[in-house]
Every structure is written in C-alpha cells, then in structure tokens.
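What follows is a group of structures, each given as structure tokens.
Across the two complexes that follow, subunit A remains constant while its partner is subunit B and subsequently subunit C.
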Partner chain A sequence: MSHVEWQGQAKFTIDGKEVVGYKGETILEVARREGINIPTLCYHEALEPYAVCRLCLVEVTVGKRTRLVTSCIYEVAPGIEVKTSTERVTRNRKAVLELLLARAPDAPVIRKLAAEYGIEKSRYPLIKNDNCILCGLCVRACREIVGADAIGFIDRGTERRVGPPIERQSERCIGCGTCVYICPTAAISLKDVSKSMPGVHKHPYDYEAPECSICGEMNLESESKAGER
Partner chain B sequence: MGQPKGLVSENAYTILNEVEEKRVSLIAALQKIQARYRYLPETAMRQVAARLRVPVSQVYHVATFYSAFSLKPKGRHIVNVCLGTACHVKGAGLILDRFKRELKVDEGDTTEDGQFTLQAVRCIGCCSIAPAVMIDTETHGYVRQDKVADIIKRYRESKEK
Partner chain C sequence: MIKSLADLEKAASEGARNIHPPYLKVMVGAATCGIASGANEVIAAAEESIKLIGNGAVVTRTGCIGMCYEEPLLDILKPGWPRLTYSHVKPEQVAGILEAVKDGKVIKEGLLGKIEEIEDITRNTRNTRYRFPLEKVPQEVAEAEHLFKLPFTDKQQHLAMRNCGIIDPESIEEYIARGGYFGLYEVLTEMEPDEVIDMVDKAGLRGRGGGGFGTGRKWRYCKQTEGYRYVICNADEGDPGAYMDRSLLESDPHSVIEGMLIGAYALESQQGYVYVRAEYPLAMQRLQKAIDDAYAHGLLGEVIFGTEFSFNLRIVKGGGAFVCGESTALMASIEGKPGEPRAKYVHTVEKGLWNQPTVLNNVETWANVPLIINKGADWFASIGTEGSKGTKIFSLVGNVERAGLVEVPMGITLKEIIYDIGGGIPGGKRFKAIQTGGPSGGCIPESLLDLEVDFDTLWEAGSMMGSGGMIVMDEETCMVDVAKFFIEFLKDESCGKCVSCREGLSQMHEILRRITEGEGQESDLDLLEELGKVMQDSSLCALGSSAPNPVLSTLRFFRDEYLAHIREKRCPAAVCTALIHYEINENCTGCTLCAKNCPVHAIAGKVKKLHVIDQDKCIKCGVCQDVCKFDAVTRNTRNTRNTHSSEKPS
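Presenting the complex of A and B:
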C-alpha cells in the first residue's frame, strides 16, 4: 500500500458515500458510525480487534490497486475507496459463512447470517459439531476486561480450542460470566463457568438442593455431591 | 518476587535465571526447560508464568501450539524419519515401519526405557541422500531397512559410555 503521511481527518468513500474518519480509526468503526452495515462475529467495540472471523471483509482501492481487507483492523486513510458489498466481497463472505456453518450448524447467529447470504446448508462435511467458532471474544474479554486471563487457546490447527490452562479449572476464574455473555454462539454456558468458580454453587450444606435463583440453570449442590463426580 | 507455592524442583527456577524476566522471554524459557527435562512439567510452566508475569493460560497456549514443546516426556534421542516426497519415493514408509518394529513404539511415542522418541517429519532438506533419518542433530542418509537396527544400537551404546 502506498503510504502517505497524514494527520487529523481523512476524507474517503464507503460504497460511494463521502465519509470522514480520524487517524487511527478503522474502516469498520467509520462504517458503523455512518450506519453502513458490515457483518462481524469476532468484533466487539470494547475489545482490541482480532480479525479472525473474516466476515468483515471489504474491498479497498488505494490508487490503482484493489484488494480484500478485514475492515475491523484496516486503518482509514485519505482518498481510499471502500466497497462493502461487491460481487467479490459477497462471494468471499459466503465462503467464510459456509465454513462457519460446517462447524457450528446449530448456532442461531451463524444460521441467520448464512440465510441472509442465501446459504441453507454447507457443502462441507460436518466433522465436529462445535458451537465454538474460535472467535476469541471470551479469551480477549477475560484478559482485557476482567483481567483474569483464566482461559486461553489450546493446541493448534483443527485441534485448537478454548479452555483453562493445563485443562483443569483455572484458579484465576472469578466466575463473572463475562465469557458466557460475550460468546456469540453460546458455546460457553454458565454451567461451564460455575464448575471452575469457588462460588455459591459449591457452598457446603446438607439439605435438598434448591434451584439457583440467579441462573436458574442449575441446582446448588453440596460439596460431598460435587466430590462424587 | 517470591517462589510460587507448590514448587517441586529447584532446577526449573535455576534455568529461569538464564533468561530475562520479560514476557518476550517466554519461548526462550520454555525451550530451555524442554531441553533440560525433555518435556514441560506443569510446575515448570507455572514457574515460568510467575517469573515472567505471563498468565498460565498464555504459557499453556504457547506450550501446546509449538510442536517443539511436549507435555509428555520425550526420549533421550529423537528419531525423525523423513517422509518428504523424495524420501517417500525411496521407501521411507518401510524405514519408518522398521523403526517402529525395532523400537516397539508407534509414531510419536517414546520407548518404555525413555531412550527413543520416534517421529515422522516432512522433509528435512536432505532429499539428495534420501531416504534420510535424523537422530538428534545427526543426519543419516541412504538408510536401508537392514541398517536400522545398527543405527539404533549405536545410539543405545553411546548412552552407556
């Protein structure tokens, strides 16, 4: 990319519309401010962008060169031309969605997005039905917002997954549920979190376990019961 | 900074004296521990985390990402049988089978006596001497099935000295 030094404001276009961005802003940030829709799964405005879901692909023309970039990390510059829904963009987004659908065919957010792009069924085989799409929102939220760093990525390639270190409950998990809340595909449940937290769900008592009034999802259990598992 | 609880070995801590106490030293520290113990013990990973002020989750992320690190003890000698294109054509599959039989282990496993870990790799850049086998830092070329036992014997003996 031909880099020209600039300061302050950058005038450029998104889908032909003249917009203004500021130094350090990304295409996605400007687009959202302007009400231009770009789909994302791994982006959250409170977190550092990560550019792994590849859904925010847009076409950017700088000078004579046009290429696909991830708009969540591409910083704006004066005079660039951004197109968010060309044939090439749509084709690539469809390919990404098909792959996501092949991994998480039951996740409503994926199905909805896929349907919007006219995909009902992925042509790829379902190898492992896993709602987790490795967007890293939970890992990043745990690090950047909670500051606990209780979970991280484990392994590589097709084995890559999210979990606590050493595959055991993390002593740093405070059971805040941020990861549950932020997960776009509900791949982490409150149950997963409460397993690792030393909170109310493991409080010792002898009487019959009542339903948890906060999560409603599980019963308060005695330590002796928890130990049996 | 004091030593973290649950320390088993003093050694991992001594090894850590050799690296700078910075985040960027993470891989260097793990490499040193891998070289010393031939795997990354859990306590060592926790010590690294504490010393370099890196979360354990991140240490585990790095430790499981790179194939240079192992969470299970590796053998004293690492046998890398090349299965790259040239070696494959020259019958590397049969060589690997022979190593499996001689060492009585499967690919990726370590012999019971902890002497050898057998691995298959894709091209070690020695296509001209295919089929090639790399043991530790030594490369053996033109390996034939009937030479496999001799090669293994050499490494067994070298340890007894």
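Presenting the complex of A and C:
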C-alpha cells in the first residue's frame, strides 16, 4: 500500500529486459512500445482502460511481493520486475480464454487466441451462445469518442448485457457505427438498411432502433450474425 | 448545546435518570427483529395499561439485546428492583404483568431473567460494573435467573453491543449516560490526532467488515496521503442472514457516530458518510434522528466542544446490490456512478472518494472505537486472541435452537457458539456443517468444531470471518445444494464486469446444477477446483476472488457427498429433487389424505388399503409426506426412475 514517490523515468524489467517507462504509463503501454506481446481484448489506445477481459495478466514483483496484475492498468514504477509468460500467467490466461470460448465459440478472435494457447474446444458447456463478451469497447467508444453515450450496460451478474438505456430506442444514437467497428467479436455487425447509406449497426438484443439523426433512414435491427467479420 | 465537560455531565445525569427513572419504566425491544415478532402490538398494549398505573410510569423503546429467538421482549424497570425481562410477550399478557408489578408482585410465567449489574463502560472506569440499587425485592425476583448468566448469554461479552437493549436508541442523553461522547471529549481536548491512531493500532482492532485489516494501520496509511480526507461507514450489509450492522444502527446509532467523529479527528477529516443499505428504513430513520440530535447538541458541525475540529456527517442510501458493499463500488455509488468495483492498483486510502484519501470502516468497527478510548488500548487488547483482539458479533441462524445476535470474545470455539450459546441442533438431529463469512464464505465440518474462532483460523479452515454470518446446518442439508445456493446468489450479485467472475460463476453454477441433477462426471470436480483457483487469482475484485469459497470448501470437506451424487446418482441428505423419490410404507392406513392432496394425482389406492405413488407422475413436491399423519411417506435418497442410475454402480 505504501508507495514510493518518484518523478520522470522509471527503469524496470520486463521478462528480464531492461526498459524505461514514464510516470503514469502502464506496463502494457511500455511492453507494446518495446515489442513485447501481451494479449488484450478490452484494451484500446484511444479509450480509458477497463481491465475486464483479464487477458493482459502479468506477474509483477515489487520488493518481496509477487502478484498477478492486469497490465493495462498497472502503472509502472522504478525497479519493478514484470514477467509476461510465467506458468501462473499462462494458466490464468488459458482459463480466461477457455471461459470466453464457452461463451462465444463462434467468434474468430476468441477462437484464434484460444488456439494460440492450445485450446481448440472449451471443456465448459455452452450455456448461451453470445458473441458479445462484454468488453465494453463499444460502450466506452460511444461515450468517450463519439460523446453520444447512447449505449451502456444493463443489469448485473450473468444477466449483464449491452444496450441503450432501459432497452428502448435511444435518441442519443447518431448512427455513426463506431461501436460496430470497434467490436472485436462482431457482436454488433454491419447491415445495409438504406439504399443510400450502408453501414448501420444492429445489436444482438431486442430493442427499438433509432433513426439516424443525420439521414433519418437508419435503423438498428435486432439480429445477430455470429462471426460475420 | 454541549460545549464542555460540565455540559456533558449534565446530559449524562439526565440520561441516567431516564435509563433508571425513579418511577416505573416499561421497555420493549423494538429493532426490526422485535417489530417482526410483534413488538409494536406489545408497546400499544403497554401504553394502554400504563395509564392505569400513573405515578409517572412510562413506556419506552429499546434496541435488540441479541435474543431474537425470545422476542418480543418486555423489560420492567422498577426502582429498587433489578431489571426484569419477559420473553415471547403477547399483547394480552401485558396488563397482567404490569398490574402485578404495580402491587409489588411478579408473574413468573414468561419471566426470562433479571439484570442486577451491568458492565460500566464510562470513561476511566476500567472493568468495573454498575450495580442496580436493590431494596425489598420479592421472592420471585430474588429467585429469577440472571439474564446475563443464561446459557445463551453467559459466554457472551457485549462491547460493540454495550448499549443494545439497554438504552433508548433515540435518546442522545441515555447514550451519554453510558459514557458516550466522553471519549470524543477526551480525544479532542487531550490527545493529538496521531496519538489516537497509535491507540487504535495498539488496541489491535481489525476491521469487522470482512477483510480484517488493522484499523489503526489503515488510518495511518490514509494519513500519509495529503488531500481532503473522507471517512465512510459501510452499512451496506448485503449478506443474506446477517443483520448485526442493522441491529447496531437501530439499537445504538450514536456509538457509530462517535466512532466516526474520533476517526475523523485522528485523520483530520471534515466530512463523513454512512452508506446504508436501501432495505434498512428503520436503521436509516434512527441514524438520521441521532445525526440530527448530535447536530442540535453541537456534537456534529462546527467547533465541536469549542475546539477547532469540525465534522459533517450525512447518510447515503445504498445502491441495492451486494457488490455495492465492496469499497470501490461503494465509493462509486456515493459519487453517483453505477455501483461497480473499479480496477485500480491504487488503494482507496490514497485515492478513494472523489479521488481523495478515504477511510472506509464497517459499522461494528466504528462502534468499537469509542470504547477503546474510554477503557484503553491495553484493556481492549486483553480480550481475544493473539492476532484478533476484542469481540465479534455473529448472527447465529439456521438449524440451531437459539438463533440471534451473539457477541463473543475472539478465540471462543465453534462448539461453544453452536452448543453452549446456540443450544445445539433442534429435533435431536446431527450437526453437519457451519457456514461462516457470508455467501462467499466456506463450510466448516464437525471435525473442526474445536476451532478457536478468529480472523486467521477461519481463513485457514477455508472460510472467513466475513461480516459475521453463521449458518448452522444439520444432517438433512445437502452440501452440494448449499454450494449451488451460494454460487447462484453470487452469480446474480456479481457486477458482471470481469470475465473470471462472471463466466466463472456462470460455469460453476451450471456444473453444480448438473451434479445435483445426477448428470455430473467425476472430472467435474477437478474442473471446479481448477476454475475456483483461477477465479481466486484473476478476478478484478474481492467478490470474484472469494466467490469460489463455497465450492472449494465443500469439495475439501464433503467430497464424498459430491461423489455420491456423481457415482451413485444419490443425494445422501435426500435434498436434491432430481435424485430422490417418495414411497409409501406399511404404516399406511389407507386414509386417502395423500391421494386427495397430491396436485398431480400420482397416488392410487383404495380406502383402508395401502396406497402407491406412481413414480412417473410424481413431481416430488412432498405434499404427501407433509399431510400424512402416520409417518407412512418416506423420502428416499435415490431416484428410482432415474435412467442413469444403473450406469456406474460404485
């Protein structure tokens, strides 16, 4: 809990390699700059980190204490030792991927990542095939980049899902399609609903869609195509 | 307005006169538990009969003394007598009890016990007791049991609950009469803030809300960070079956306010919040009254006791989810954001509410603080075990004779709690397990009943202190079903943000469902253990990392029950519906009652002839067993129609 004050540069190691980070930078940012691969699903350079996919786990040793942290939010400090592929890291990443594969068995990105970790098939049962992995990229993009704040999370626990507030038509949606482009699993996919303009998003959930405030023709449709992209 | 020691003493003598008035006083335990068992009706009856007594006699309300299984409780305080307590009081009994008392007599029926002396917790009175002045006590009273020497109370020690069931929670004077706000006075006028922190640290107080983090240490860490510091009281109490925090707020709200004032002085904080669970209207109402009274007396607000110290306190109504009790979720909720844990590696003592250094403590933790000031750190540290000092309140519920709130010194054994205090298992049944620590706690088996309860021993036993829930389970409990129940609760109450917790709980629940329905495989047990470890390791907050406890602890201690479900398709406790069947034995007299009551007409049989259940039609609702007067219906630990049952005989 007690943390040492420091300014400027932090020298530390990632997998034994000496690296330099700056105040406020995360391990993930430094690792990417150094070309060290750490898998992520809920991270995007342009958005506030959210730390929910748990894929970017790494082991960090500070003094005598070693723990598992999510590198997308862990801020670097002088002297820390980061290890990105210990047995513990791999075991947890694998487990997370196996859980995700059970939820979204058709999503190419999940299948590919799982395969990289040697998982072809999840041992867990398919409870409900849902391509949306709740990474929150769409929600954050809509709020932080578009500024529309038209979609959010509804409910909690295993019922959590993405949709416009109270699952009714959101007047805030401007139909820009940012959520569609940012979604890693194509849970929100493109559909041509107007003659003039292609590229309108539809969500896998049932709710009324707004009209585009620009062209007035776009519609959200409640239909999901797994792995369309 | 209370500005000086003299003012405080004046209020104290006024309060003392109200606690033990020179006229007859009738008191009724009216916390939520008392009200649920009829306290309001008893109060109405008492108010009716008191009019006939006159001479200034009054009826007042008090909080919960912990004997919830005996409620409604009615106390008689007659000058010259010990305090008398009646249990299970019905409104129609009240007039009789009071008339007898008026004539100097005592009705023995329903008399639970008397109090002749009580722990004195006022300042600088280390370990003394207050004795009631007694004179001309009737024989029945002399013979009555001592309320604090009953099996339920004998091993208890009421520290945090010191005023519960003793004072009127809505009277600030009565709180002051019991030593209240004297500690605050001492702190403000005689101690440096850091001395207060040292004292709390030396006392060894650990957080009562779950983690057991050292309170003094937590305060010190917070103090190291510059900023506009906040103090918060966590009264979210989302554990099903746990109600000690509610009871404290309803029975003695000033103890929490004073604790927070002392903490705020130590931390040089000017603003505090009490985050109260939305489902606790009475606690909120009494706490609000206490806050208003404290403001009116100058004990909250500006220049308290004429010093430079100012402190404001406000209630925030909870967001209505279990996870809102988690520290970062709670603070997000106070800020008006969704009550979800936030992922940060900076602790809330450094960056908490509105990114300012913040101390969050549980209701019971705060309530202990004034006591440490009044009676000293050494006194407090002399109670309890090496690593866990003081007492802990548990809500003892489930298959136990005497259910209620028990406050016991740390280090007491589980056996003493269950058998001596709780009176053991009802109906001559066998004990199976005790679940401690709330939904993400664990189940402890009979072999560990000698465990001396404290933060560390419970942790080592695969469970935890949590906020102090204790559910006793008898032999008719299925441990797989219990694990499933808690996982289901957590699956609905998790915020659903991070993959490990959300997907992990969802899969755990599904695997447990399969096992309880006889579709499990032995490999499922390894999978559950593996999954549990991953959730512990990689979840974002403590809900997810502690969520596997119910599964891991039952797998550790009750693996044979899992195996019976899997290998033999048998639920040993005959609980899991899919794995049981009902049968009618030769006790059947052919009365036809079961056949008439069966909702699906699965029972056939002629009058005065043995009846038979059609297993294919039976939906296992158990109505036949409930209605049978001849014990002729049995519930059996196997499902005869289960197609898997012949698969793998063990």
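For this structure, a couple of remarks:
Here is the rule we use: the second predicted complex is superposed on the first by the 188 of 229 C-alpha atoms of A that agree within 3 Å, B and C clash if a C-alpha of one lies under 4 Å from a C-alpha of the other, contacts with A are read in each partner's own complex, and residues count from 1 in each chain.
The definition used in the following text is that a residue touches a chain if its C-beta (ideal position, glycine included) is under 8 Å from a C-beta of that chain, and two chains touch if they have at least 3 such contacts.
Since this is a predicted model, take the numbers as computed values, not measurements.
Overlaying the two complexes via subunit A brings subunit B and subunit C into a clash. When the two complexes are overlaid on their common chain A, residue A:145 makes contact with neither subunit B nor subunit C.
A count of residues in subunit A touched by subunit B and by subunit C gives the higher number to C. By the document's definition of touching, of the two partners only subunit B reaches A:172; subunit C does not. Contact with subunit C, but none with subunit B, is seen for A:69 once the two complexes are overlaid on the shared chain. In the superposed model, A:20 makes contact with neither subunit B nor subunit C.
Once chain A of one complex is fitted onto chain A of the other, the partner contacts of A:102 are limited to subunit C, with no touch recorded for subunit B. Of the two partner chains, subunit B is the only one touched by A:164; subunit C is not. By the touch criterion defined above, A:156 lies against subunit B and subunit C together after alignment on the C-alpha atoms of chain A. Subunit A residues 153, 155-156 lie at the interface with subunit B in one structure and with subunit C in the other. Those residues of subunit B whose C-beta lies close enough to touch subunit A in the complex are 42, 45, 55-61, 64-65. Interface residues of subunit C facing subunit A in the complex, by the touch rule stated above, are 221, 224, 321, 323, 338, 340, 343-347, 349-350, 491-500, 502-507, 509-511, 514, 527, 530-531, 534, 537-540. Against subunit B, in their complex, subunit A makes its touches with residues 139, 143, 149-156, 164-166, 170, 172.
Of all residues in subunit A, those touching subunit C in their complex are 1-3, 49-54, 57, 68-70, 73-75, 88, 91-92, 95-96, 99-100, 102-103, 123-125, 127, 133-134, 136, 153, 155-160.
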